Amino acid sequence: MSLLVSELKVHYRTLRGDVRALDGVTFGLRDGEILGLVGESGCGKSTLGKSLIRMDGRMRRAGGTVVLDGRELPIDDDRAMNAFRFREVSLIPQYAMSALNPTRKLRRMVGELLRSRGAPLDAEELERRMSQVGLPREVLDRYPIELSGGMKQRMVMVISTLLDPSLLIADEVTSALDVSTQKAVARALLGFRERGYVKSMIFVTHDIALTHHIADTIMVMYAGRLAEKAPADVIVKKPRHPYTRLLLDALPEVGVRYADRRLEGIAGSPPSLLDPPPGCRFRARCPIAGDECAEDPPVAELTPGHHVACWKV
Amino acid sequence: MRRYFSRKLLIYGLTFFVAVTVNWMIPRFMPGDPVASMVARANVNKPEAVEAMRAYYTGLFGLDQPLWQQYANFWGALLRGDFGVSIWLFPTPVSEVITRAVPYTLALIVPSVLLSWVVGNRFGAYAARRRLLDNTVLPVGYVLTAMPYMWLAVLLAWAFGVILGWFPVAGGYSFSMRPNWSVTFLLDLLHHWALPFLSLFLVALGGWAIGMRNMIIYELESDYSNYLAALGAPSRLIRRYAFRNAVLPQITGLALQLGVLVAGALVTEIVFAYPGLGSLILKAIQNKDFFLLQGTFLFIVLGVLIANFIIDIVYVVVDPRTRAGMAGAQA
Amino acid sequence: MSALQEVAPPERAGVRREALYFAVRNGKLMAGFGIVLVLLLLGLLGPVLFTDAPNEYGPQPMSPPSAEHWFGTTTFGQDVFTQFVHGLRSTFAVGVVGGGIAAVIGMLVGFVAGYRGGVVDEILNMLTNVILVIPTLAVLLIVNAYLGIRSVAVQGLFIGLTQWPWAARAIRAQTFSLRTREFVDLARMSGAGTGRIIAREIAPNMSSYLFMTFILLFGGSVLIASSLDFIGLGPTEGVSLGLMLQNANQWSALQLGLWWWFVPPGAAITAVVGALYVANVGLDEVFNPKLRET
Amino acid sequence: MRNRARIMIPLVAAGLLAAACSGGGATPTPPASQSQSQGAPAGANPDQLPRNETLYTTGTQWGPPPNFNPIREWDSAVGTKGLVYETLFHYDPNAAKLNGWLAESGSWTGDTTYEVKLRQGVKWSDGRPFTAKDVVFSFELGKMETIPYHHLWDWLKAVEAADDQTVTFTFAKANYQQWDFNLYTRSIVPEHIWKDRPEKEVLDGINENPVGTGAYTFLSKDQDRVVLQRRDDWWGKTALNMEPKPRYIVDIATPSNEVAMGMLLQKGLDLSNNFLPGVANLVKGNFGLTTFYNEPPFMLSANTAWLVPNTTKKPMDDPAFRKALASSVDVKKIVEGVYGNLVKAASPTGLLPQWDAYVDQGVVSSSGFAFDPAKAKKLLADAGYKDGDGDGYVENKDGSKIGLTLIVPSGWTDWMESARSISASAKAAGIQITPEFPDFNALVEQRAKGDFDLLINNERQLSNSPYTYYEYMFQLPVQKQQNTVNFARYQNEQAWALVQDLDQIKTDDAEGMKKVISQLQQIHLDDMPVIPLWYNGLWAQSSTSVWKNWPAAAGGAPKTGAVMWRNWLELGGFETLTQLQPAAS
């Protein structure tokens, strides 16, 4: 196991109290595995992604552990985490378009970043990796403003993986791109794994269709909890959790078109995570909910690698 | 690049034209007749002599010509560097009166503006997101920037000049000195310069510190800062980048503030009897010396325009985005 | 923050309630507005409660602060506190008039230039830039000399007329970024005119920004007015804090030990303007969650 | 950026030094032209003036020294006349007599001829001898139409040099009083330098390197000062047995009174001729400051401040109204409240205390006035001014409202306060007066055109004769523009004839003068063309830290005025300098 997350609880401090954005999530990630993390807005997938690399000021770990390559990540200790960031865990942020300092030429910026982390800049390696994603070396002598959106995205991808991190978190990297670019990004990510730039990857998205192309395993989250986790094919072809099924039903044809909005097309809305009611959180919207759903459903491993949190399976 | 600068130059040229025209209009709008007041101050009590003097001065100042002629003459004289003759300091040419005063004003304004800008930016950048400093240094900054220049200046003059006796309260250099290049004299100059400089510096300092503090907080919350933090970059690097980017709006701010800073310098000079343009303007106002007024204002406008242009150039050098944009436009 | 919004989708009322919530808990905002409010009340009620004419000579010249004369008296026996409350009133008046007029012009020019763009923008921008560099003092001088009568309101008016350019610039930039937004497009497609779009769509979306601009203009006007007063270009009728400073200085108050004459007016200007600036930062934090201290 | 900022700071500092130094370095006059010819003693051009040999003065010049032209008696640099250029005589107001200066003596050799004997051995600062030709040349400059003493030639017929030491003046009409005034007022300039100057140059020239006969020469000048250096070969040392004590005089242009007060307290200033409000407190306290008197009014008197009514307007054209107005003004309140007792209330005639001998007490006691609101009301009522509408203010005889404005220049704070005070006390008598503060220039124009109701004026200084005072009051004819005198536009042929008669009386005929002056006083007090308010002080605050023996009323101290004002050095200001003693000795 490369990554082992157990019973992770992360809360947001807000005016009205703690929002339990992540409420006891357990899962593992094998070496070389790409995990697709899907769910509708507010399900906790972004919180999970952030928690693994950099919590923001209002996030707090309420319990649970994260172990990466046998070492526990001090996720709620911002300073201690620095040792792991970039080298062990890295991030391709959602905001890749604006992630680059506008007033530095890229070569200098990358150099300064690496030096600040005590790693020398291997210009040759950098240029090689850039050419692998189709970036000419001249890009390094430009300012970010001189690059197109796609170029910036690819540049960020290259930078983030320069130190060959064990775990890469790709947070909604495709949502701002058009379909063909999305595919290119997906291919590039796969290429990174093949060449060993990254060991494993968490691909956070709400686009279940795209995930299917890239991920080995897909994890569906709902309201801060794991709903279902299984190999990508299994999730798409034989989903067991009613929520996953509804998600997939909402798509016209799997793998043909992604339809962002459809995910939220399911009637009703998730419960408030401020003070969530006990029991299954999908209960209120679930077509097959029963009395037993008033209690928290355990996560059951139906077949090896296929975990579902539902009383009805 | 050429387009950018020619645009800027057009604006500055237009401004200069408007300023010259406005300046030319000042005396034509002012109540009272400068020749009358001048003659009154000369103690001539024979009516015939008064008339002779009046005619003489009116001829000298060109007030008897048609307006358009006066306006044309004004431009002609201006281009020859002739700002007319001061009435208050008759018969000294205005250009001479100004050239004598300008070094003092420049010596006061340039260092206080630049230093307060540099130091204020440092302070603000340093204090931002550091709770202790943010809660101690910045309130001081707010108080400083909200102070009327002359109030602080008078308090400083009183405390350090009259009470403690550490600094002189008037003059550009000791009244016992004659200008020379000795170290003693230079120190004496600095001694007289210190308090006016300090009051200008302090008030401006607060403004820049606060501006920078607010600016840099925006930058520290920006995406590139977050990305760097996520990659474990030390806060030193992040702050450096943020500072660099926050400085850009501060440069623009410098250009915007120039007028206010000049006004502050003028008031401060008056308080400390510093022999620069400020004291001159006050006296020109009081004595209705409109040639002198025109000259000083024109000079200030010109100075501000030049400063603006320098800032434009600096901005282009510092901000790659303007250059990149221009490179794109050319390609 | 994005997580928060995900959890509870925002509604307008909610946002407003939240702003209010943060507002009352923002120390900077509360302290700033608190000070301004106290001084404002003093300026509004003071002249009513202490009806003495502020320039009336009293029998006890040069007396230090006492129970009878809270801020002491001037060389002429005038009660400094009475002058002070009257002065506060004119200072607020100058701020409101000057800041208000500058804000209105700045908004008009900024909105129109930013929204219309093109030639209109070019012309307005050039006008703005030209006025921006001309030293305010020159214009104010002509006006002061020409009009002769210098009331507080006229002073405020002309400060306002010369102070708007930077506000216009800032508002133009904001408008520029707003005009391509969806809701503006929508309004345009539905056939709304320029004025309507500006009033209904653009202005409300930057109302907090406009308010903060006004605060800065207010503070600037107060400071400019005090400088003018000090040079002797102040209102000839009535009392203002700047005139008090000028008088105290001209009559050598500090040298003669009458600190109570010179210190309060300057301190009050500093307090009003400083408190407004502090409140402004507080407001910024309220409207802009990223800036809140964490 | 970090590195750049670090470099920037020393750069700025260096730039400042360069700027400041070029500022200082650019301004001094090249001293060579002055020192070459005067046999400069060693150390004549010190870079730092020794404090114990230097006198620091202020209160005359408010800005950069504009010119060094003695013809421009009203705005030339301090000391141009009196220290650098000299006059034929000085006038001693205490003894009321002329003292020979460049002239050893002068006398009327006939009814219309005056002969001046000049001193021997007087040299211009360029080494050339001073002769009768220079005197003739200087007075003949007045033939130019724009020269301030051009009118002298209305009654002066000829000036001739009988020999090198004798000058004879021949008059068409002998105006004795005016002539004495001219004798101690007009500068004598060197013919050999001035002879080729055209009229424009004579009147408007800067006269950059003045060559005079005086005890000082200009050493340097700058924006805010002029520095004068004593001539050790000055003729007066032997001829007059006088020597001004300060080797250097630095006259400082302070932009405002409060700055002067600050410098005085710092002991950076020896003599301040500024009006320093509240200085009474400092004199009483232990600040090392002295004034002429150590009690009110602290100062000698220099001129009279009048309330001037425009007698061409209703109701100021009515003497009864003017007298009522005079009784309504509470001058004491102004003296105490506004000036803190630094000025003295004027006597009803307004003649300065130095002219007390000319005041006819009989006239004053029968026709004088004093502050008396009841009397003012009665005078108004008797003359037919009644408050018909009950608003507290009287109306004109025809029932129309009286609303007068009193103008004083904006920024003249003491006068502004005084105007407010006058307005308040007139209100008590039922006269409505609103103070207004136009700017000085506008006021000058209004004053010249007669476009005003009331104003305050003090433009006549102490002189050798009350003649100048009454000339101011009564001069005729009234012009469309009244620029310097008779702002009230008061027309009284008899009074003007009397003033001219006074001019014809020899200055040693005190009784003859008194007789005419008594008649003039009667007219003044009966008709009140101007209302005397108070005597402005000869503002002089001295610090005793470096120089002592300043003029004072008490003990054996000098009785001259300690003053650097223009035209006052001949009235005792110079003599004061010769009486000073270093405080250390």
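Lettered A, B, C and D in written order, each chain numbered from 1.
Here is the rule we go by: a contact is a pair of C-beta atoms (placed from the backbone, for glycine too) under 8 Å apart; a residue touches a chain by one contact, two chains touch by 3 or more.
Treat the numbers as computed from the prediction; the structure is a model and nothing was measured.
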### Task
Grab the C-alpha centre of each chain and report whichever is closest to the global C-alpha centre.
B
### Task
Specify the chain most distant from subunit A by Cα centroid.
D
### Task
Please compute the C-alpha centroid of subunit B, do the same for subunit C, then give the distance between them in whole Å.
23
#### Entry: Gap in Å, rounded to a whole number, between the CA centres of subunit D and subunit A
91
### Query
How big is the gap, in whole Å, between where the Cα atoms of subunit A centre and where those of subunit B centre?
55
### Query
If you average the Cα atoms of subunit A and of subunit C to get two centres, how far apart are those centres in Å?
49
### Query
For subunit A, what residues touch not just one other chain but two or more?
none
### Query
Mind pulling the subunit B residues that touch 2 or more other chains?
30-31, 158, 162, 244, 270-271, 282, 286
### Message
Could you pull out the residues of subunit D that touch at least 2 other chains?
### Response
256, 262, 265, 411, 438-439, 442
### Message
Using the touch definition from the top, list the residues of subunit B that touch subunit C in their complex.
### Response
11-12, 14-15, 18-19, 22-23, 25-26, 29-31, 129, 131, 134, 139, 142-143, 145-152, 154-155, 158, 162, 210, 214, 217-218, 221, 256, 258-260, 262-264, 266-267, 270-271, 281-282, 285-286, 293, 297, 300-301, 304-305, 308
### Task
Using the touch rule from the top, collect the residues of subunit D that touch subunit B in their complex.
1-2, 5, 8-9, 12-13, 15-17, 19-28, 45-51, 54, 56, 62-64, 66-67, 72-75, 145-146, 148, 150-151, 154, 204-206, 219-220, 222-225, 227, 250, 252, 254-256, 259, 262-263, 265-266, 268, 411, 438-445, 447-448, 471, 475, 479, 481, 483-485
### Query
Which positions of subunit B touch subunit D when the two form their complex?
30-34, 36-37, 39-50, 52-53, 56, 86, 88-92, 97, 99-104, 106-107, 110-111, 114-115, 118, 122, 157-158, 161-162, 165, 168-182, 184-186, 189-190, 193, 240, 243-244, 247, 270-273, 275, 279-280, 282-283, 286-288
### subunit A-facing residues of subunit B, complex
222-224, 226-234, 236-237, 241, 244-245, 248, 319-321, 324-325, 328
### Residues of subunit C touching subunit B in the complex
126, 129-130, 132-139, 141-142, 145-146, 148, 166, 169, 219-220, 223-224, 226-227, 230-233, 242, 245, 249, 254-255, 262-263, 265-266, 269-278, 281, 284, 290-291, 293
